[in-house]
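In what follows, chain A forms one complex with chain B and a second complex with chain C.
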Partner chain A sequence: MSNDSLDPRVNRLKLGDATAVIKVEEGENWNIYEVFHQEKRGAHHEHVGCVHAPDPQLALVFAKEQFARRKKCVNLWVVRSADILAFDVEDEDMFANNLEKNYRDASGFKVMEKINKFKQSK
Partner chain B sequence: MTNHAALTDLIIKMADDELILGHRNSEWTGLGPVMEEDIAFSSMAQDKIGHAWALYRTLHEDLGGEDPDRFAFMRPEKAFKCAHLTEMPNGEYDFSLMRHFLFDHAETVRYESLQESSFEPFRLLSKKVKGELKYHTLHANAWIMQLSTAGEESYIRMQAALNHSIALAAGVFEPSAEHEATLIADKVYPGEAVLYQRWLDRIYPVLVKASLNMPDISAITPVYGGRQGFHTEYLQPLLTEMGEVFNLDTEARW
Partner chain C sequence: MYGGGYIFDEPNGKQLRDEQLHDEPEKLAAFEERIAKGEKIEPGDWMPTEYRRQLIRLIEQHAHSEIIGALPEGTWITRAPGFKRKLALIAKVQDEIGHGQLLYNAAETLGKSREAMINDLLSGKSKYSNVFNYPAETWADVTVIGFLIDAAAIVNQAANAKGSYGPYCRALDRICYEESFHLKQGHDAFIELATGTPAQREMLQDALNRWWQPIMHFFGPPDKNSQHSQKLMEWRVKMASNDDMRNQFLNAYVPKIWELGLTLPDAALKKNPETDRWDYTDPDWDEFFRVINGGGPCNEERLQVRKWAEEQGRWVRKALMNPAEKRALPVA
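The block that comes next holds the complex of A and B.
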């Protein structure tokens, strides 16, 4: 089926036969880049999503458009998704805490009382 | 104060370039090569319309000109002072992108020079658009690099687009026979000849990096005429389309 669009601008693109097999040439595939957004100076860069781009420079350009157009932003990072090293999903058990060691959890310390007392004394 | 007519002439030239190219570039909305680029290009087209609006408003508020909307949409073709470069139909993306590259660098050197203008609204505006223009030229440079190094067909197309656009782009720097000397003497801006040189210095390194051959600049004849109200066959249809809704009811309140 060819593209019989009523919009002459679409026809001008000469998109050709929609069912034809598309051959992807070497180097034609774009990379996916993870985008990290910094809301204000000194703040952490936070992962906000990804963009598809042919090189890091254009990934930055696209990231600005997708993730910094509406939300406040002072800086962006892009990192090729392929360059991110991550643990396997099945290694999740490494992160599980041993119940008998919960004395190690910082959240276990009861210090707020002392801190508040100190603050009040100031 | 600077000669009123000279300032008005310069502002109309700048604003009409922004308005017309903004509309041309916005014709890519929904048709851009990839989604992210479609959004980027459309958003920069909006920036251009914003620059045009700021300039028309300056004309209105500081120089006693007409209401910005009426001025933008109700003038006859002859009253427009945009350069031919901005009027040309979009063609393929190679041309549109090359035009964007050449124009936005020209725009950047112009607004940079206005940071020291004796006309205060120019100083304020140049400060306001600085970041936008930096982004526009970063975007343009990145694409010129990308497409000029993306294979044979791509390279040939970019070189052809450059060869085709360079004389048109040089036409952006058409000096006003009547007002140029006044504007320079009054330190409103350094003049078209100076901007033209600065522009060449700005685009040349990018073209070299992209391995594109800069056409012999001394051999080209800049396409002049737009600044004097002589336009290509492409402007009137664009103006008709642009003003279609506005002209349905020019007294309507929006």
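The block that comes next holds the complex of A and C.
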């Protein structure tokens, strides 16, 4: 490699041959951690993405760099993606439900109607 | 949310190709119906093999481009004119590396491991955006990259953010938000040179002349020889044709260059009032293919720097993985 590169790093790095084979081993790039961002105290933590890290502590460091450098942030959670337990996507239909749920709702109880009717009947 | 148990595990390349011939017609029909309704496809969902393959290719190349794209600009951090410009450039380069991470994560949800993607970059099997195979010779080159290359990237990314694959769209939403800062600081530096001394204007004009062809190459070959099928448009993997995106870019940014009294090295460049599209001289497409296949001025250097980082950083990654050495680190 000639030393006439415009990159100041290149000139002092003594780079190897571009045709040399460099291989990254499987697993060398660590685990995936999901990152949850809390915008202000008392707010929910919201999932914002993931980072790669060898352990949870370092995942926090990386998450801070990646997800807290611009938006306001007061806290972060990280959790190993593999530790998340979720339903299978195919099972989505088990969440299908009776849409008529007035009985669970304040609006489902019309007391004033009954009171007015009672008063009128007097 | 994606990752972990949701990640599709590609058993091996061979099996994938066999399976490719046998996308079940009912599943395919249901899938296409979901796309037509504008639904997002998520990692655990069934998807055609070709859809998965093309998305991996697309997202992976986008990720590599962000990482390699930081190199020509990173070169100028030490020489940025002024403290404010230096801070902005550091922030921008940090963003680009972050975008690479977000995109690698999105590609991983489709079943290709990060290690495999990095290996394919290092071996030259995967490509990255051609523009980064050219050197940033002067500070004006950095402003042209910051303004026009980022503008071109936004045209492309804003289109793809409306695509059909959920994790890619979410990554792109965040990327576009950050790119708008890149565009703005690039435009600001660009205007400063354009309205500065004659020497500054001359430096900028020179950079524009050199970068115009790579910028015209940016959106890829003309539609008339595009290999990518209508299927990809239907599946909302490819959101706009190369020529449409190029036209959209010219429409938005050529007037901004001309209003500063700068010129572009193409006498044929003008808006055709009849078609409402831009006429231009076709850039040299042989040069495009020559550069993408390794023949550009900086292809070798870019890969060498990336390989150097991989090799020299290995001991750090290994040490951090070793449980015997583990101890808690201060977060800040």
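Simple rule for what comes next: the second predicted complex is superposed on the first by the 68 of 122 C-alpha atoms of A that agree within 3 Å, B and C clash if a C-alpha of one lies under 4 Å from a C-alpha of the other, contacts with A are read in each partner's own complex, and residues count from 1 in each chain.
Here, a contact is a pair of C-beta atoms (placed from the backbone, for glycine too) under 8 Å apart; a residue touches a chain by one contact, two chains touch by 3 or more.
Every value quoted in this text rests on a predicted model; they were computed, and no experiment measured them.
In the superposition on chain A, A:V78 makes contact with neither chain B nor chain C. Contacts of A:V61 after superposition on the shared chain: both chain B and chain C are touched. Once chain A of one complex is fitted onto chain A of the other, the partner contacts of A:V89 are limited to chain C, with no touch recorded for chain B. Which of chain B and chain C touches more residues of chain A: that partner is C. In the superposition on chain A, A:N29 contacts chain C only, with no contact to chain B.
Contacts of A:R69 after superposition: both chain B and chain C are touched.
In the superposed model, A:A20 lies in contact with chain C only, and not with chain B. Contact with chain C, but none with chain B, is seen for A:G49 once the two complexes are overlaid on the shared chain.
Once both structures are placed on chain A, chain A residues 9-10, 13, 27, 51-52, 54-55, 57-58, 61, 64-66, 69 are touched by chain B and, in the other complex, by chain C. On chain A, the positions that touch chain B within their shared complex are 9-10, 13, 27, 51-55, 57-58, 61-62, 64-66, 69. Of all residues in chain B, only 27, 31, 34, 36-37, 39-40, 43, 135, 138-139, 142-143, 145-146, 150-151 touch chain A in the complex they form. Those residues of chain A lying in contact with chain C across their complex are 1, 5-10, 13, 15-18, 20-30, 32, 34, 47-52, 54-55, 57-58, 60-61, 64-66, 69-70, 80-86, 88-89.
Of all residues in chain C, only 1-7, 42, 44-45, 71-72, 74-75, 78, 94, 98, 101-102, 105, 108, 113-116, 118-119, 122-123, 135-137, 170-171, 174, 178, 299-301, 303-305, 307-308, 310-311, 314, 317-318, 320-321, 326, 328-329, 331-332 touch chain A in the complex they form.
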